[in-house]
Every structure is written in structure tokens, then in C-alpha cells.
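Both of the next two complexes hold subunit A, though its partner changes from subunit B to subunit C.
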Partner chain A sequence: MSTRSVGLAGICVMYAAGLLAGVLAPAGYADQDREHPDAPPSRAHWLGTDELGRDRWSRLLHGTRVSLLLAPAAAVVATALAAAAGLTAAVSGKWTGEAMALAFDVLLSLPLLFLLLALRASLPLNVSAWASLAITFALLALLGWPSAARVARAGALAALESTFALQARAAGIGKLRLLAVHLLPHLRPVVAAQFWLLVPAFILGEANLGILGLGVVEPLPSWGSLLGELQNLDSLRAQPWRLAPAAALLIAVCCFHLAGKTPAEEA
Partner chain B sequence: MRSRMIAGLALLAAVLPARAEELRFCLRSDPKSSDPLNVGDESSETVRYLTHGFLVRMNRKTLQLEPGLAQSWRVAKGGRAIAFELRKGVKFSDGTPFDATDVEYTLKRVTSTERKVQSGDGLRRDEGAARILVSGPEKIEITFAAPIAGLAYLFDEIPMLSSRSPLKDKAGLGPYVLTEQRAGDHISFVRNRNYWRSDEKGGALPYFDSARIDIQQNREMELTRFRRGELHFISALDADSFERLGAESPQSVKDGGLSLESEMLWFNQVARAPIPAYKLKWFRSAAFRGAVSDSIRRDDLVRLVYKGRAAPGFGPFSPAARPWSNTNLKPLRYDQKAALKRLEAEGFRLQGGVLKDGAGNAVEFSLVTNAGNKNRARMAALIEQDLGRMGIKVNIVPLEMPSLLERITRSYQYEACLLGLVGVDLDPNDQMNMWLSSSATHQWNPSQAKPETAWEAEIDRLMKSQAAEGDEKKRVALIYKMQEIVREQTPLVYLVHPHALMAVSPRLANAQPAAFRPRVHWNIERLAPARAGEMASAR
Partner chain C sequence: MRAQKGLLAALLRWLAGVLAAGFLAAALLYLAPGARVDERELDPTLSEEARAALRAEGAGRGGLLGFYVDYLRAAVRGEFGDSRTYGVPVRQLLEERWRLTASSVLRGWSAAWVLGLGAALLCARWRWSAGPFTAASAVLVSMPSGLLAILFFVLRWPVAGILAAAVFPRVFRYTRNLLEAAAGSPHCLAARARGVSRGRLLFFHQAWPVWPEAVTLAGVTISAAIGAAIPAEALCDVAGLGQLAWKSALARDLPLLVALTLVIAAVTLGCNMLAGAAASLGGERRWRA
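Let's look at the complex of A and B:
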């Protein structure tokens, strides 16, 4: 069994757990059992309860659904933007291409976290937790594509120097056709690799916002908001089961990394 | 050779001042003001506490005034005048002598109506300017146009400045002198060699040769550093940290009992706020606000969020604020049925688990709070569920502090807000700015040209009357009445009054942690390394 298959299998299991959260979770993610806060793991609560008496296992499952559904969606948007921008920069004239590359660098140099904080703060207040979550990931997608665009541009520039591209250009093929028919299929592994890298990056991005208290809003859980508890190191020593969201995140990132390996890398 | 080196190092360690000779603690942020007369934040207040001197000081344990730069004082003319007799031979940190002309200079600046300073807020009167009479190098009397309640206590907040020092306001009469300030990192102080106060045996104060305040936003990091012995105290701990630290070092944690602080929720009642008219109508309804208040299980907030180290919200004055807290009022109790009744009387109806107003609008509002505050996030989650049982949908929105302040103080783009109030002074005048309808910090509807409601007009009258009342019993009666109106109108939904939780290292002697700010360093000149403290007490 290849490492890629292991990664894909792991992702499938996690997605299944997240999608079936409503069935697998013994309680709702917001249900508060106020008489049993901070309870240790038991038959009723596999991972114990949090300080408000909410079942940690149920919240982890629902958090898995939130993080694993929206991060790939955001990664698809960001990868598409990156591919479009990178390829356009590659096939445009020298000056336009350089200007676009410079624009990518400028975007990369922006303090992403502060930009996210500012954008989050300017959003309307009366939106549901799910809408707020979707907006957060949309912002991550809209701000997270420039690094992938640079890679796409570099890949496209290299491809343009190859024999097949020279032959196509010599045959008088237009830029658009060159892009769509010849370059894009050739760059598919590069773009796919960017997608696999962006997914964990976005999960971690949301986690960072969650730790700052600005990610997913209460009571909806996400891995980010659940990871907020890890700031309290003493509690972790006493209650190691609190590490479950971190373990889930680590496994997910590893799985995405393995799944993103190309056959050449595996060989 | 090697053993000699080790012996030499040991000797050097013995000769060099021990690290404990430097008092160390943390502040959450840099001081926002370097003007000692314009101090509005805790960090600036702390620096001023270390570097400047005051005519009188309030003992945070006994809540009684004690002599400071004034060895005695006398309030006269029914609270209109106060006369001070100053200590002799006192010098500023740069050696400039201190006398009554410096007090006159300071008070003229403080009471100036042209260039208003925060330290003078309690002393400036609409009725006219204060008259200052210097009748000798150590004698000064100040007469105000009208009586001022708690007059002597106001001088606990006014730092004395030099009229003659070339260092101007930087010359201080406090126990320490500021030597270095690095933004976002630390502030260093050395002992003021000219400090006027000495201990009972004539020994020089302060006991610590130097002090260092590190700027540390992260509370967990502050706690870790305290555990490592790098800090002498933590002035404010949350209940979680208190419990954890208490489990491993019970002698280090101090529960000072109920503080003057409150956690509260309020609705935006600003007429020009960009919120739908029907929501503004809810928020301006005392019945709606009261029903929300009745629907919150405060006992759960205390138990789950504060681990029992808080009291359920009571009102503008926590039960610790004696004699001002109105003990005739009943505690706020969870009563969903009563809440629903109040709402129904206002035209609200509970339909299919959703509360709707008379026009059929589902009751839903956003609740903003500052991001990163665990306690407020938890309280918001509990409130969301409590109000959910009433059919009210609450959308919790954590915002970083600058964005939150922008919304609640300028743009008014918010519906409800969950924040805390830090009470510094026991006297009701400390809350004057919040209750006067004209004030910019009258949170639910600030800066009103004239009171928009009759009850706000009445609160204005009561607060102004008590501020000019010299008789404490009459003041208490006025403040009681004001609390009755607040209870009836519920402009602020009081949630909890937290305890003052602190940590004090066993390496620190003479600490007398108190519920009132500054909780640990209010007697900073007497704080000592444990050994020196033991010696001091043994002498």
C-alpha cells in the first residue's frame, strides 16, 4: 500500500466521521450538561466534558465536519485563483508578467493575520455561526492564493521553454489555446500539489484565528476553537484527553501531506 | 584551579545583589499616558503609583485614608474646604524641596477649566473656581464653590508636581524613579534616594532597590514566569489559573474577596445607531431588558465560569462596596416565567419556540465581546443558551478590542455588548462618568445633549446631588435611590461581580493583598524580599 493511499484512506475516514457527526455524536455540539462540567472521560462522555458541560467527543466530531468541509472548499477557490493568475502572468508579455509577479510578492508580504482580523471585524454582526464560518474560509481563500500563484507561474514559465510549447507556438496557436490545451494539463500535478498544501494551511489558519478567539464563533466548534484549550498546559498534563483536537489536526495534516505526494515522489 | 574558580563565582554571587533585590511584576500593556495628571489606564496608573507622591493615601485593606505628603488634614465648611499640613523636609526625586507652593501649583493645574485634566474631574465645579490659600511653607487650604462629597479621598488620586524642578513633571515624590522604558517590553525603576517615607525603625524605604515591570499580554506566560520565580506577584488572576496555582502552591494564591468589578451586558439604545428601528424599540424597552436579565442563570455563570469565585450580578455597586451597595434590593434571580410575562405585556409572543415582537419580527440580536477573553466567551455561550430557552436567538461575535471600541464608542454599529467594568475607587463618584447622560462613557446611549428619558434625568440629578452632598448618610440615601432606578430600568444587565484573585510569591514579604486596586502593590514601598521582610518584622 503506497503512502499516498494511506493518506487518502485517512482523509476518507476523517471525512466520514465529520459527515456522520450528527449520527455518531452522542450529543449536540451546543448541549450543555451544566451539572457535569469538566468531567473526565466516561462511557457517557468518551472525551469527557468541557467547562460548560459540553461533550468533547461530540464537539470534536462536529468540529471535524466544519474544518474538513470548508478548508478544502477554500483550497479549491484559492488554487483556481492561483492557477489562473500564475498562468496568465507566465503567458503575458515580459513586463506584464514581471508586474504580476511583483504583485504576488506584495500580496505575500502583507501581514495576512492582521488583514484577516481587520476584514473579520468589518463583517456584518448578525450572521449565523455557519455563515460567519463560511466567510472566514472565503477570506482565507481570497488571501491565501499568491504563494501558489508564484509556483504556478514558475511552472508555466518552465513549461513554455519546453519543446512541445515551442512547437505549439511555432504552429501559430493562440495564447488562450496554449494555456488551456497545452500548459494546464502539463501543470496539473503542480497545481494539485498546491491544493494539497493549501488544505492544511487553511485548517491551521482557521485554528490560529480560533486560538485568538476570532475564528468560528460559539457555540459552533471547529478544530481551531477546540485547540484554544491547548494554551493551558497544566490542564493538559492533568487531562491529556484535551489533546484530541490537536491529534486530529496532526493526523489530518499528515494525511493531506501524504495524499499530495506525486507518483514520482513516492518512487 | 577549577575549585578556586567555583569558589570565586560563589563569592561573586554572594557579593552581587541577588535577583530578588529587584521587585518584578507584569502589566498587560504599555502605559498610555506619560502625563501624571492625565491617567486613565491601569498601566499609567501603576507607573504613577511608583513614581509620584500624594497628600493622602487610602489603605486598601482598611479603606481608611492615611497621611501621605500631608501629615494631617481637616475638611471644613460642610465639605467645601480642606486644609492640609504638609511634612517638613520632603524633597522631590531630583532634590528639589517640596512645600505648599508645589501643592498650589499642582491644584491650579488640576482645577483649571481651560486645560482639563483627568485628575481634576472630581474637583472642578460648575459653580466656580477653587480658592487656594497658602499660609506657610507647610500650610495650605483649598476652598471650593460648592461642597464636594468624599473630598479628602479625591486627593488620593492627585500626584503632587514640582513648580520649580528643572525636570518638571518627571520629578516625583514616589518611592521609585523611572530609569528606562522600552515599549512592549519593560519599564525599569530605581529606588528614589530622596524618598521621604521611612519605616517604623527609621529604615529607608522602599526595601527593594529597583523594580522592573514587564509588559506581558499573555496571562499564561505571566503565570509560567511566576511559577519559575521570575515574578513576585500577579495582581489579577482568572479563576482557572487561580485554581491551578492553588492546587500546587496554596500559599501563593490570595482570594481578596469580592472586588468592585462587574461583568455586564447592555443593549445599544443610541437613536442614530445603524440598527433596525424595531430592534431599537426592543432595546429601549425596560421590560425587554428586564426580561433578558431575568432569563440569565447567574448562578451558573458564577459556578461554571468563575468556579464559584464571584457573586451573581447585583447592580452598580457590588455587595463589597459598603456602604453604597443597596442592601434593600433583592438579589437578581433567574425567573423565566416572570420574564415571559413581562415580554407578553409588551406585545411579545413565544410561537413555536421563537420569540416574536408585536409586528412578527423574530427576536434575534448580536452580542459583541472582546476576542480572546475565555471568561466572556464562556459567559456568552451560557447566555446564548439561556436566552435560547426564551426563544431569543443570540449571535455571539468576538471582536478584537480596537474594533469593539470603535463600534461601541463611535460608529454604534452593534446591538448588544458584553464587557466588564473595572471599579478603582469605592466612592460613587468613580462611576459618575458612566451614569451621567451627557458623558461619553454612558455606554448604552452616550453623549446625550439632554437626558432622553425621565429616568436618566433622575439618575443625573441623583448623581449630581450626591456629589455635592457632604453628609454621608444623605449620600447613601441618594445612591440607594439611584440603584432602585437602575434595577427598574436595567440599562445594564449585571451578570457577575468577580472576586479579586491574586498570586503573591512566598519570596515577597509585607504584602497585604486587597480587593481594591492596586491590589498588591498599594504599599509598594513596604514590599520586601522575604528575608529582608522577616528582618524588618523582627526588629
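Let's look at the complex of A and C:
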């Protein structure tokens, strides 16, 4: 069994757990058991309860659904933006291409987390849980594409030098057709690889935002918001089961890294 | 002459990058909902004309571009406005805190490079030693820096260690790939066929030719270290620029955030520029040799 298959199998299991959260979870993510706040693991609550008496296992499953749907959705948008920007930079004139490359470099030079913080701060902070989910998704998609765009531009520039592109240009094919019909299919593997790289990066980005209190807000759980609860550091040594979201995140990101490996990398 | 031209081009590129980052930051400040609302507008004793005048004052001259030019002029003089959260000039805050962040970033980055490069060299020399380092790198690269900060804080390990742990996997993976690629190159095969010792082969035939690429990576990893400094300082309560960025984001202190954007862009683009210049000089020498 290849490491890629192991990764894909792991991702499938986690997606199944997340999507079936409504069935597998013994309680809703906001349901409170007020008799047992901050309870240790038991038969009724496998991972115990939080300070509000909410079942941690149920919240983890629902959080898995949110994070595992949010990151790939944002990655799809970011990859599409990257492909569009990278290809445009490659086929446009020298100065426009260079200006776009400089813009990619500027965005890449700033740490993603800092950009996320800055842009998040420019938007209203006191929003509903679903609005915060949409904002986090939009921020990741809008800020995560420059690295992929740079790769797409390099790939497109290399493809433009190849004989099929030269023949197409010599035949008088327009830029748009050249992009859509000749370059884009050729760059599909490059773009797909970028998607597999962006998903774990976005899972980590969302987690960092959640830990810093700027991600998905209560009562909606996500891995980021669940990890944010670990800031109550005093009880972490006494209650190690609270690290379960961290373990889930670690396994998921590892699985995505394994699934994104090319056959050459595996060899 | 060619090197001088290259350096000039790199400097111009750096300047253009910082100006572009400044424009992005100014646009953020200009367009953010409610960012330029003056609290004096809430005063019920003011007339409608006075409120309109305040609004016009806040909007600045000539729209976004005029606002940017005004902001840039003030920034060149070192005036970034006043922080809304702390009620002091942003410049003062930056001066008070940059040393702490610079120190922890430099220490963490250096430790990551010593460990990452050392581990990559070890793996290149003794392939059986790759397992633990690869596993450690896979675990660390899968952890958000915020989680690393929490774990390091619980274990009472230093803040620079968080940055080292965040940067180490990038250094290790990339340099190891570089060394492995170099090991399969014809000059290494020829050296091995001539009976060059393994140590000599590693340092002079594998590691030495790839240093320009490694230097380029060194510039890029500075940005990663600065990014990791934000949750590290925020969660470990270290009064550096990372904590300042976090607090200003939570308080929507946009003048402070914009100044931080400019400073971070200048530093990271400068490091990338220096690394790129060193790498291209090294590359030229390598090919001449």
C-alpha cells in the first residue's frame, strides 16, 4: 500500500466522520449538559464536557465537518484565482507580467497569518457564527493564492516556449483560446498539486486564526475554535484529552501531505 | 558592472515591493468599514456642517491615491499616526518592541537552520538516520504555530524554540532534497568513481554547489519565522511586534496594523533581496568555476 493510498484512506475516514457528525455525535454541538460541566471522559461523554457542559466528542465531530469542508472549498477558489492570475501574468505583456509577478512576491513576502490578521481586523469582528465562517473562508481563499499563482505563471511561461504553443500562436490563435484550450489543460497537474498543498495550509491557517480568537466564533465549532480553548493552559496537564482536536488536526494535515505526494516523490 | 546593475535592479524591486505593500496597507486603512470614522462625529452638540467637515477631513484629499501619498509622506518622516489601543504614537510602540521580536526571530531562525541543515547533512551522510528527522519534520509541519506556542508554553520552553520548531521542517525538507538531487548529479558520480572520501564528497561536491539555493531559502524562512512570532508572542505574553499585531487586530487598531505591514514588508522583502543577490552572485561564481 502506497503512502498516497494511506493518506487518501485517512482523509476518507475523516470526511466520513465529519459528514456523519449528525449521526455519530451523541449530542448537538451547542447542546448543554448543565449537570456535568467540565466533566472528565465517561461513557456518556467520551471526551468529557467543556465549561458549558457541551459534549467535546460531538463538538469535535462537528468541528471536523466545518474545517474539512471549509479548507478544500477555500482551496478550490484560491486555486482557480491562482490559475487565472498566473496564466494572465504569463500571456500578458512583459511589463504587465513583471508587475503581476512583483505583486505575487509582495503578497508572498508577508506572512499569511499576518495578512489574515490584518484583513480580518479591517472587517467587523462582532459577527454571527455563520458570518464568521464565511469571512474565514473568504479570507483564506483571497489571501492564499499568490504562491500557487507564481507556480502557475512559471509553468505557463515554460509551456509557452514549447512547440505546441508556438504552433498554436503561429496559426493565429487568440490569447484567450490559447489560455483556455492549450495552456490550461497542460497545466492541470501543476494546478492540482497546488490544490493539495493549499488544503493543509488552509487547515493550519484556520487553526491559527481560531487559536488567536479571530476565526469561526462560538457556538459553531471548528478545529481552530476548539484549539482556542486550549489557551486555558492551567488545566491542560490535568486534562490531556482536551488535546484531541490537536491530534485530529495533526492526522488530517499529515494525510493531506501524504495524499498530495506524486508517484516520483513516493519512489 | 553586471553585479552592480543586478544590485540596483534588486534595490528598485525592493523599493517597488515596499511601496506596493504600503499601497495595500493604505487601501486597507482607507476602505475598511468604519476605519476612518472620527469619534468627534458622535458629539450631539455638533452641527451637520461641522460633521460634514469632519467627514471630509477624514476622507483626505484626492481619494485613495491622495490618502496614500499623504500617508507615505508622513511615513517617510517616521510618523505613522497614533495607536487607538495604546493612545501613544505608533512609532514609539515600534521602537519599544522591535528588539524583542528581532532577537527571538534571529535566535529561532538560527536554531532552525543549525538543526535543519545539520539533520539534512546527517541524512545525506548516513541514510538510515533519516527516519526520526523525517518523522519530526512531518509532525512539526502539520502543527499550526499557535498549537506549538501552547505546547511550548505548557512545557516552559523558550519562545525562540517555537519559531525554530516552525521553521525547522522547511529547512530540513528543502536542504535534504537539494543534497539528494546533488548526490545524483554527474559531478558527484564522477567524484565517487574517483574514490573521493564520503565526507569530502558530502561537503565539497554535494553541499557546496547548492549553497546559492540554500541562501535563497534562508531569505524566505525569515518570513516564516516572523509569521510564527505572532501566535508565539501572543500566547506566551511576550511584548514584541507579534503580540502588537495580534492586539491591534483584536482592537481593530488599523493605523498600528498598517505601520506593522510596512515594517514587516520592508524587512522580509529586504531579506529576500539580500538572499537573492547573494545567491545570484554565488551562482555566477559557481558557473564560472
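Please note the rule applied: the second predicted complex is superposed on the first by the 241 of 267 C-alpha atoms of A that agree within 3 Å, B and C clash if a C-alpha of one lies under 4 Å from a C-alpha of the other, contacts with A are read in each partner's own complex, and residues count from 1 in each chain.
The criterion applied here is as follows: a contact is a pair of C-beta atoms (placed from the backbone, for glycine too) under 8 Å apart; a residue touches a chain by one contact, two chains touch by 3 or more.
This is a predicted model, so every value here is computed, not measured.
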Practice problem: Figure out whether A:A207 sits in contact with subunit B (first) or subunit C (second), or with both, or with neither. | Solution: second
Quiz item: Can A:Q231 be said to touch subunit B (first), subunit C (second), both, or neither?
Solution: both
Exercise. Figure out whether A:P185 sits in contact with subunit B (first) or subunit C (second), or with both, or with neither.
Key: neither
Quiz item: Thinking of the overlay built on chain A, is A:L125 touched by subunit B (first), by subunit C (second), by both, or by neither?
Solution: both
Quiz item: Which of the two partners, first being subunit B and second being subunit C, lies in contact with A:L117: first, second, both, or neither?
Solution: both
Practice problem: Counting touched residues of subunit A, say whether subunit B or subunit C comes out ahead. | Solution: C
Exercise. Once the structures are superposed on A, label A:P219 by its partner contacts, choosing first (subunit B), second (subunit C), both or neither.
Key: first
Quiz item: Touching A:A103 in the superposition: subunit B (first), subunit C (second), both, neither?
Solution: second
Practice problem: List the residues of subunit A that touch subunit B in one complex and subunit C in the other. | Solution: 117-118, 120-122, 125, 212-214, 231, 233
Quiz item: Can you list the subunit A residues touching subunit B in their complex?
Solution: 30, 32, 34, 37, 51-53, 117-118, 120-122, 125-129, 132, 212-214, 217-219, 228, 231-235
Quiz item: Which subunit A residues qualify as touching subunit C in the complex?
Solution: 102-103, 105-106, 108-114, 117-125, 200, 204-205, 207-208, 210-214, 227, 230-231, 233, 236-237, 246, 249-250, 253-254, 257
Quiz prompt | subunit C residues touching subunit A - in the complex, by the definition given at the top | solution = 13, 16-17, 20-21, 24-25, 28-29, 31-35, 138-139, 141-147, 149-150, 153-154, 223-224, 226-228, 230-231, 234-235, 245-246, 248-250, 252-254, 257, 260-261, 264-265, 268-269, 272
Self-check item: Footprint of subunit A on subunit B - complex, ascending
Solution: 220, 224, 240, 244, 300, 303-305, 364-366, 368, 371-374, 377-378, 380-382, 384-385, 395-400, 403, 413-415
